[in-house]
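Take this structure first; my questions come after.
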C-alpha cells in the first residue's frame, strides 16, 4: 500500500506538539541546562524493544524539530511499518540539550500511538481473508482523537465517524425520543445534510427489520450473539440485497472476532483499540558526537 | 484520608474540557439535534460495570456542566472512592440533548482516569504494610498529565516530579556530559534553585557509592535485581544513616513489586500506571423525565 | 415548524462574539466613556427597517450580554421569523454605556445573517410546492460559516457539507487524478468512513451514466441547461429507480430557479446565498431610563 | 500610486488564515486524500470572470502557503489593480492536494474582498474630479474589519475610524447624556488623548451651528438633503473658514453620490461598501504537471 | 472628579489575570494544598505600608475572584484614592487556600500599578495651578499597557496615544524619509483617517516654524531648554493664535517639571512614570475565621 | 562564566513577543506606513546611555525578527555582559518600516530587563568575596516572570522557586493552619513529591529551633536583625552541622546587605530586584542605507 502524506491541518498537530512540550518542559530542562554544554551535539537512535506496528513517527520527529530546527541526517521507518524488537526505528543528529529535553514527550506520543496500531493489527490479522473490516469508535483519549484514529489506520483498521457532526448514529434513547425507528430515520435524514448516511443501533431481529424497512443506510448490531448476527445478515440480503452495511459492536475480543466476522457482518467496531491498548516499548539511545 | 479540593488552575481543567468537547462535537450533535426535543430533560445515572477506584468524577461533571449549566440534583461518589460493579457512581438531571452530546467525552475522561487509579491501587495494595511508596513517572499521555497524576494519587500512589523544571534527575547521558557523578551533582545544585533536590540514576554499587559520597538527595536504582537493591539500602544506611531516598525503577510488575519493596527501598516508580492502564468500564443510563 | 435550540459548541459562538467585540472595541469606547454616566441605564428597541427573515438574534443578544451581564426584560422574536418594516424585533434594558459600545458589533452580525436568511427565503419561496430543496455551498464568509449556514436554515434552505471532512465531493480534477469516475468512486468509498456518502460532479450525460453505474450516492449536475437536467433525472429513474440524489449547481438565479426545480432535480445549490446577500436594514433605538 | 506593503501585524493575518483554513478543513480533505497522489504537483491559474478591482491577493497567496510552504513560480497582480474578465490574475505551482484543499478558502477571501474593492471603485469613480472622498464605516463583517478596510483603500476609498478607541464620534444619545453639544465636545476632548479629533453628528442647521461654535474638528451631517448640505458647507466657511471637515452620511447611492459631493462636503461615508458588496467572480484552473 | 467604570474589554483584563495566575500557580499551590484545610475560610485585610495613590484595586479583586468565586463582604477603596500608611485599603472574606494562592499575583499587580499612580501624582502635584498636563508615553511594561495607562490616569495624569495606530507622531527618521517636514505632514494627513491629528517632533525653532506653517496639529519639543520652549510658545501664539498643542519631552524630572510647565507648554510627557516607578508597599493580613 | 543558550520553551517567548508587538502595533504603524518607502532599508545601532548589565538582548532581537525575517548583519553583545555608556550594544540592518515599528517594543523589553540585571549586579557586587548568594522572589511583574528571573541571573543573582508548585515555602498562616511547625513540615513533605525541599519561614530563635529539629531543608529568617541572624547561623551549626540552608529576607538594602551577608546566612532574597528596578537607558540610532 502506498503511504501518503495526508493534507490536513498540520497546524493542529503542531499545536498539540507545542502544548505537550510545554506540559513536560515547564520553564526549562533544569538538568540538561545545568550539565550539558549548550553546543553539544549527539546522534540519537530510536530502538524498538518489542515487535509491533509503528505509528506516530511524524509526530515524534516533529517534537524534536519543535526544539531544534537543525535536526539532521534523519533516517526513519514510516507509520504503518511492522517493526521488530531491536530494530533501529529512526536515527538522527541534533543538539544534545534539545534531544534530551524532547525525549520523553516524543516517546510518550510514539509509544502510545504504536500501542494502538499494534493492537489494531492483531485484530485485523485475526480476521484475515474474510470480507470484514475492523473499525474504531469514539472511545478515544481526550485531545488525541485525530492521532489515535490515524494509528488505527496504520494498524490496518478503518475509522468510524470522527465526531458527533459527521455522521448520524441513532441509539436507543434517540429512538425513544423520536417515537420509533421509522420516524427517527426520517427525521434524521431531513436534518442531516445530503452527504450523510444514517445509522441505527438495533438489539434484536424485530428492530433490525424495522430499520431495514425504514431505509437505514447502516445498522449497528448491538451485543448480539453470533447466531443472531447470522440471521441479521440473512435478513439484510433478503430485504435489501445486502445493500445496507451491518456493523457488529460490543463484547469484541481477539478470541471471538474471527467467529463474529464469519457471520457475514461488514464491520466490527472495537472500542479497546483506542481506550485500552498498552503502550509499545521503544527507547532512545544517545551517542555524543566526538571531535577527531 | 481526608479528601480535599486542591487549589489549582481550574481554568486549565476547563480549557481541557472545552477542547475535548470541541473535538467530539464538531459543529453540533447531528443526531440529537434531529431527534430529541430541545426542552426534553432526563435523569442520568452513571453505573460501574467493574470493580475499581474512581478518578475523574469532577472532570466528568464539568463536561456536562460545560454544555448544560442547569445540571441538577447531582449526587456522586468522590475521586479515590472504591467502587464495585453495579454501583451507582453518580446521578443527575439535565437537558437530554446536552447529556447525550456530552456523554462520550465525559466517559472517555472518567474511564481512562479510573483505569489509572484502579491499576495504581492494585500496586499499592500489593505492598501494603511495607514502608515504601508507589510513584508514577513522566510516561503520561500527552496533554493529560495533571489529570493522570491526580488519578495516581486517587489510587493511593504518589507523584514523581511533574516536569523537567521542578526536579533535577541526572541520568547516564548527563553524567557523561558533565564528566562524572560528583561533578554532575555539584553543577546541578549550583544551577537549581535552592528548594530543589538532586536525584541521580545509578546502575551498580560503584556508582551508588559515588552518588552517596557526592551528596545526592535521592538516588534512582535503575533495573537492579532485588539482591543488589538490598545491598544498596545497606550502603545508604552505612554512609548517610538512611538520609538519602532510594527509588527503584524498571521492570516493575504486580508479581514482583512486593519483593522489591521488601529490599527496603523508599520508593518504587512504575511507568505502566499511566501508559498502559486499561480503561475502567462504566456506563451511563438515561431515563426521560415524565409528566404525571 | 418547531424552533429548537441546537446543542453545539456555544463556546465557539462566544469566542466569535468576544473576538468581534475586541475588533470593534480596541481598548475601550472613548466616546461613551467620556460622555455617558457609568451607571446610566436605558431601554433599547431593535426596529426592522425592511421586510425580511430574522437570523442571528441569539448572537445579537449574546453580544450585549458579553458586555453587560445584567441585560434585563429581554423580549425578542426568534431566528427564522418573518419580520416586517417597523416591527419591534427585540427590546431590552441595560447599562447605557455597554449598549452603545456593543451596538455596532451586534448589528453587524444581525444584519449580515438576516440578509442571508432573507435571500434564502426568496429562493425557497420561488420553488414552493415542488419537491426540491435549496441548499447552500462552502462559498461562505471566512470565520462565519457556522452562523451563515444556520442563517440558510432560518431562511428555509438546507445545508450542503460543512467542510472538506464531512462529505466526499469528487470534482473534475479528482477524477483526472484517479483515472476515471469509477475508480474515483471506489477509492473514495474505501477511504471515507462508512457513514459518508460519495458525491460526484458531472458535466454531461455520459459522465452521469458512468457515475450512476459506478454507484455514486449523489451526483452534482454542473452548469447543465434545463433540458439536459430533465434527461439526467430520467436516466436516474431508469438506472437506479431514482435512488441517487441529483443536485443542480451553477448559474442559479431567482428568475431561473423554478424552471430548474421543475426538471425534477432533488437539490439546487446556490452560492450567492452566502457570498452576495445584501445586509438587512435594522436599527437600534435607545431611550434613557427616567427617574420619576 | 506606489503600492506599498504596510507594516502591520502579519501574525494577525496569519491567524485569520489559519482559522479560516481550520473552518473549511475539519480534520482533512477527505476527497483529495483519497484520490490525489500525495506527491502530485500542478500549475494553478486564477482567472477573473468579471471586471473589477483586485483585493486580497496577499491573503489568497497566504492561504496556499499555509498548507504548502513550497509554492513556486508565483506571478500575480497586485491589490488595487483593475482586472478584466479572462485576465490571469495569478499563476503558481505547488502540491496538488494542498492546492485543492486550500482553493475554496482562498477564493472565499479573494472574492469577498475584491467585491468590496470593486464596489468602492464605482463610488469613487462617480465623484471623479470633485474634491471629496468616499469613506467606509464600522459596518463591516465581524472578524474581517482589517481586511475589508484595506479593500476599501484598494478601491480608492479612505477609511473612517477603525474602532471605538481611535476616534471620538458623538451621536445623539451621547449629546443627550452629556446635556448638550458644547458640553459633550468639551468633555470628549478632556477624555480623549491629545492626538484624537472630535467628531459630532448633527441633523439640522441649528445643531451644526452649535457644533461649529463649540469647536468640533469634524461634523457628520446625518441624512440631510442636498440643499441643507449646501447651507452647511456655507456656514462652515462663514464660521471657521472651512477648517472643520464635513462628512455626509446616510442614504448614499451610486445614483445620488455625485450630487452629494457637489454640495461641497469633504467626505461621504458609505456603509454598503462593506456590508452589501456582492462577491467578485474569480475561479481557479488547475493543470497537472506532466513528466516529459 | 466622578470615578467611572469604563466600558472596555473586561475579557482582556480577565485574560491578563488568568495568565498571571497561571504563571504563579504552575499546577497548584503545593504548600497550601498540603497544610490548609480545603474548607477553611478567612478574613483578609489589605494594609498600606506607605502613603500613595491606589491603582489596580479592580484587578486585585479580580485575581481573588478568579480562584474563589465566593469572595464575600468586599469593602475597598477605589482606584485614584489617596491612601496613607496603615490604611485598610480593602477587606474581604473567602476560602483560605484560594486567598493564599492568589495573594502574590494580586499584590504584584497592585503594588506595580499603585507605584505608577503614586509617581504620577507627584509630578501632577508639582505643576499644580499651571495650565499644563502631565502625560505618559509608550515606554510601558510589555503586556501591561492598558493597566499602566489607567494607573497614570488614576494619578491625575493624561495619556498619550495608545499605540502606533491611534495617532500620528512624525519623528526625525520619518521626516528624513519623507524629504522634509511639510511633505511629511501632508502625506501623513492623507494616509491617516480623518479623526487623527498629526504630531511632529522638532528640535529647534527653525523646525518648529516649518511644522507650524505646514499645519501640524500638535508639536513635540524634543529636549529643548526652558528658554527655547518659551520662544516656541510665543511663536505658536504668533502664527496660530495658540491653536497648536505644544508637548515638551525629554529630561523631565520632579525638580525641573514646574519650570518647564511655566514656559507655557500645554503638555509634558514623562517616560519614567511607567518605566521606572518603584512599587508601592502594601501587604495582606489574614485572620482565620473562628467558630464560636 | 560560560554563557549558554538554555533549552526552554522558546515558543513561550515568541508568544510574549507577539503579544507585546500586538499591544503596541494596533492594526499598523500609521506614521511609518505613511512616510517611509516600503522597501527602504537602514542600519540600526543600539547605544547604551548608561553603564549597566545587559539583559534581554535575545528578546530584543526577536522583536525585530518577528516583523522582519530578513534582519541582517547582526552583531551584538550577550546577556550578562557589562556595558558602558556610549557602547554599541548591537547593530543590524533591515527594513526601515519594520525597524521603526518594532523599536519601542524592543526597547521596552531591553530597558526593563537590563534595569533588573544592573540592580542585581550592584547587590551581588556589594557582597563580593562572601559565601552568600543574592536571590530573587516571586515579586515579579505579572506575565514577565521567566524573563525577569533570567535578568536576575544575568546580573549574577540566583533564583528562588519559580512558582507555587516547584517549591514548598511554609509561612505563618500555613503553620497556624497546620497547628505547629513540626506538623506543618511533616505534612508538607508527605504532600510534596520527593524531589522538593521544604522551606519554613521563622521570625525568632524559638521558631528556628523548632524548624531545625523538625527537619526543615531550608529556613527563611524573616526580618531579623543582624545579631539574631548571627545566632541563627550558630544554632544551625550546632544542631545540623550547617546542613540546613538559611535565607535572610526583608528590609534588604544596598547599604545593609554586606553586613547581612557577614552574619553567615547562605542566601539573601531581595524583592526590589524585580519590583522596583529603574529601567536602563538605551537608545536606537538609525542610518538610512544609501546607494552609491
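When the chains are written out, they are named A, B, C, D, E and F in that same order, and each has its own residue count from 1.
Here, contacts are C-beta pairs under 8 Å (C-beta built on N, C-alpha and C of every residue); 3 or more make two chains touch, one makes a residue touch a chain.
Remember, it's a predicted structure, so these values are computed and weren't measured experimentally.
Novice: What is the graph distance from chain A to chain E, where chains are linked when they touch?
Specialist: 2
Novice: Chains shared as neighbours by chain D and chain F?
Specialist: A, E
Novice: Work out which of D-E, A-C or C-E repeats the contact pattern of D-F, with more than half of the residue-numbered contact pairs in common.
Specialist: Match found for D-F within D-E, A-C or C-E: C-E.
Novice: By mean C-alpha coordinates, which chain is most distant from chain A?
Specialist: With centres defined by C-alpha atoms, farthest from chain A sits E.
Novice: Call it same or different for chain D and chain E: same when shared residue numbers make up over half of all numbers used at their interface.
Specialist: same
Novice: Taking each chain's centre as its mean C-alpha position, how far apart are chain B and chain D in Å?
Specialist: 53
Novice: How many angstrom between the C-alpha centroids of chain F and chain E?
Specialist: Distance between chain centres: 23 Å.
Novice: Using CA atom averages as chain centres, what separation in Å is found between chain B and chain C?
Specialist: About 45 Å separates the centre of chain B from that of chain C.
Novice: Would you give the residues of chain F that are in contact with at least 2 other chains, written as numbers and ranges?
Specialist: Residues 25-29, 32-33, 37, 101, 162, 165-169, 196 of chain F each touch two or more of the other chains.
Novice: Could you list each pair of chains that touch, in label order?
Specialist: Listed in label order, the chain pairs in contact are A-B, A-C, A-D, A-F, B-C, B-E, B-F, C-D, C-E, D-E, D-F, E-F.
Novice: Enumerate the contact residues on chain E facing chain D in the complex.
Specialist: Listed in rising order, the residues of chain E that touch chain D are 135, 158-162, 165-169, 193-197, 199, 217-218, 245, 247, 266-267.
Novice: Note which residues of chain E are touching chain F in the complex, please.
Specialist: 16, 19-20, 23-37, 40, 42, 96, 100-101, 104-105, 107-109, 111-112, 115, 138-145, 162-171, 173-178, 184, 187-188, 190-192, 196, 272, 275-276, 278-279, 286, 288
Novice: Along chain E, where are the residues that touch chain B in the complex?
Specialist: 18, 21-22, 25-29, 32-33, 37-38, 66-67, 95, 97-98, 101
Novice: Looking at the complex, which residues from chain D come into contact with chain F?
Specialist: It comes out as residues 2, 4-12, 146, 162, 166.
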